[in-house]
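Below: the structure, in C-alpha cells.
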C-alpha cells in the first residue's frame, strides 16, 4: 500500500541514524598514577584508542623518570649533584641548562626571592626525617653565604658557580619542568587531551573529552574545602603552600618554602596559586611570590603578563592578579 | 506424563515471559551500569589491591619496607600504620572523593580513589 | 471402600489433615535431600519441596498451602539444626513471599494458569523474599541486589520444573478417590453402591 512507504522509509532513516550514532567511536580516558620524584605523579589522557593512550602515558612517565635522574639532588650522579660537588661548576645536559636559564630569569626578576642555590640550607632543615628541629643561626648564616641570583652563571651548556661550596637545589622548578616535558611527549604521541599532575603542579592540555578542565584549589587551612575552582585550557596550574611539608615546634609552623634573605620559612603567605603557560615558570613564580608576600608578589606577577595568581596571605585574606577572575568558575 | 509445554497454558507463558524479561533486563542493566567507587592500590605500577569504597574493611599492603595498613570505613580510606620514617602517609587523613590520592612514598604504596566514567565531580584535579 | 456411617465432611477433614501431614513430611524430606546434593552456590536449590506446597494449594486451598510451606521451613530447619539461624530466616522470608504470591495468583487467575505458572511465580517469590531478608539481616549493603537478576533467572527454570512435577503429581492424585472433593466421593459411592 502506497501510504505505508513513507512510514517505512521514515523508520529506516531513524534506524540508520540510531545505528550511526551508536557506532560513533567513543572517547576514552585513562588515568594512571605512579610514585616519582618523591611525590605522586598522575597522568590523565583522553582519546579514541586506549592502546595509543597507554603507550603515550608510559612514554610520558619514562620522560619524567629520566628528568628526575638528571635534576634531583637525591640522585648522586644527577647533573645537580655533580654541580653541587664540584668547585667551579661544569657542563650539563641541555635540559638542565634550560631549567637553569628559566630559573635564573625568575631569580633575577624576583630579586632573589626564587633561588636555586639553597641546597645547603635545605639540608640543614632536613624535612624528610622524623626528628626535625630548628637549625641554629650560625649554621643558617653559613649556608646562606654566597647564595643569590648572581651565584650562578650560564653560558650555553656550561655552568659557573661563584662560590665553590654552593649547592644547587632545583626543588622549586624541576618538577614543573618534568611536567612540561611529559606534556610535550604526550603531544608527540598525538594526544590532544591530557592532564599531568605532579603533587599539585599540573598542566592541562586541551579539554577533557566532554568539557574544559576544571581545577580545584586547595584551601590552605581547611582540608576538605576548595578555595576556588578555575577552568583552564593549555595552561599550567601550580600551588605552593605552607601546609604541604612542615613541622610544628612550640606552636610555630616551619614549612619548606624558604626566604633566601633569612634562611627561615617565608611568612608572608599561606598559599600561592599561579596559572601560567608552563609549569616550570608557574613553579618558580609560585615560590617567588610566596617568599615576597602578597603585594610585592603581585608586582612581580605584573611583569609576566600571561601569568595570573591567587594569593592567600598569612592572615587568610585573598589577593588576586587582575586577570585571575577570567579563570574562576566557582565560587 | 505430559511434557511441560503440553501442560503450560497461555497464562503460564505470559508469566514466564514477564519474569524472563525482568531478570534479563536486570542482568543487562547491571552489566552496563557503572560499578561503585573503588579504592585501587598500586605498588611499582602493579595493582596490588582493589575494593569498593563503601564496604568497610582493613588490609595490610606489602611494600619493600614492610606492611602498610589501610582502613576503609565510613570516613573513606586512610593509612593507619606504615613502616616509613616520616609517617606523612598517615597524616594525609582519609581520602573519599574520586581522584583523591594517598601515598606512602618510601614504601612504594599508592592509593587512589577511582570512580566509573561519569562521576560528576565539581573539579577534575586538585591543586595543592 | 469408605464407611457409609461416617460423616463425609468429617471424613474429608480427617483425610485432609492426614494428607497434609504427609505432604509436609514429603516436603521436608525433599528439602533435606536437596541440601545433601552438591550445588555451585550453597543455598541455591531447586526447591522441589515446593511441589508439595503446590499440591496442597490445588487440592485443599490457600490455608493448606500456608500450612505445608511454613511447616516445611520450620521442621526442615529443626532437622538440619538451623532453627533460627540466618539461613532459617532467609528461607522463612522466601516461603512467606512465595506462598502469598502463589495464593494470590491462583485465586486471581484460576483455570487460566497451570501449576507451572503458579510455581514460576512461587519460585520468583522465594528469590525475592530471600534477597530481601539477606539485604536486611545478613549483608547490609545494596550490592546484594546485584545478584538478584541472575538468581531470578535460575528460579524461573526451577519453578517451571517443580510446577511440571507438581502438575504430574496432581494429575495422578486426582485420579484417586481419596483426593476428590466431597461431592465426587458421594457420586462414586452412589455409583458403587
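Labels for the chains are A, B and C, by order of writing; each one numbers its residues from 1.
FYI, contacts are C-beta pairs under 8 Å (C-beta built on N, C-alpha and C of every residue); 3 or more make two chains touch, one makes a residue touch a chain.
Not measured: the values here are computed from a predicted model.
In this assembly, the chain whose C-alpha centre lies farthest from chain A is C. Centrality by C-alpha centroid: the chain sitting nearest the overall protein C-alpha mean is B. If you average the CA atoms of chain A and of chain B, the two centres end up 30 Å from each other.
Between chain A and chain C, the centres computed from C-alpha atoms are 70 Å apart.
One finds 40 Å separating the Cα centroids of chain B and chain C.
Contact residues on chain B toward chain C in their complex (touch as defined above): 1-4, 7-16, 19-20, 22-27, 29-30, 36, 52, 54-55.
Residue ranges on chain B touching chain A, taken from their complex, read 42, 45, 85-88, 93, 99, 101, 103, 105, 108, 110, 112, 114, 117, 122-128. Residues 29, 31, 33-35, 38-40, 42, 44, 128-130, 195, 197, 199-202, 204, 208, 213-218, 223, 226, 229, 237-239, 241, 243-245, 273, 330 of chain A are the ones touching chain B in the complex.
For chain C in complex with chain B, the residues that touch the partner chain are 105, 109, 112-117, 120-121, 124, 141, 143, 146, 148-150, 152-153, 156, 160-161, 163-164, 167-168, 171.
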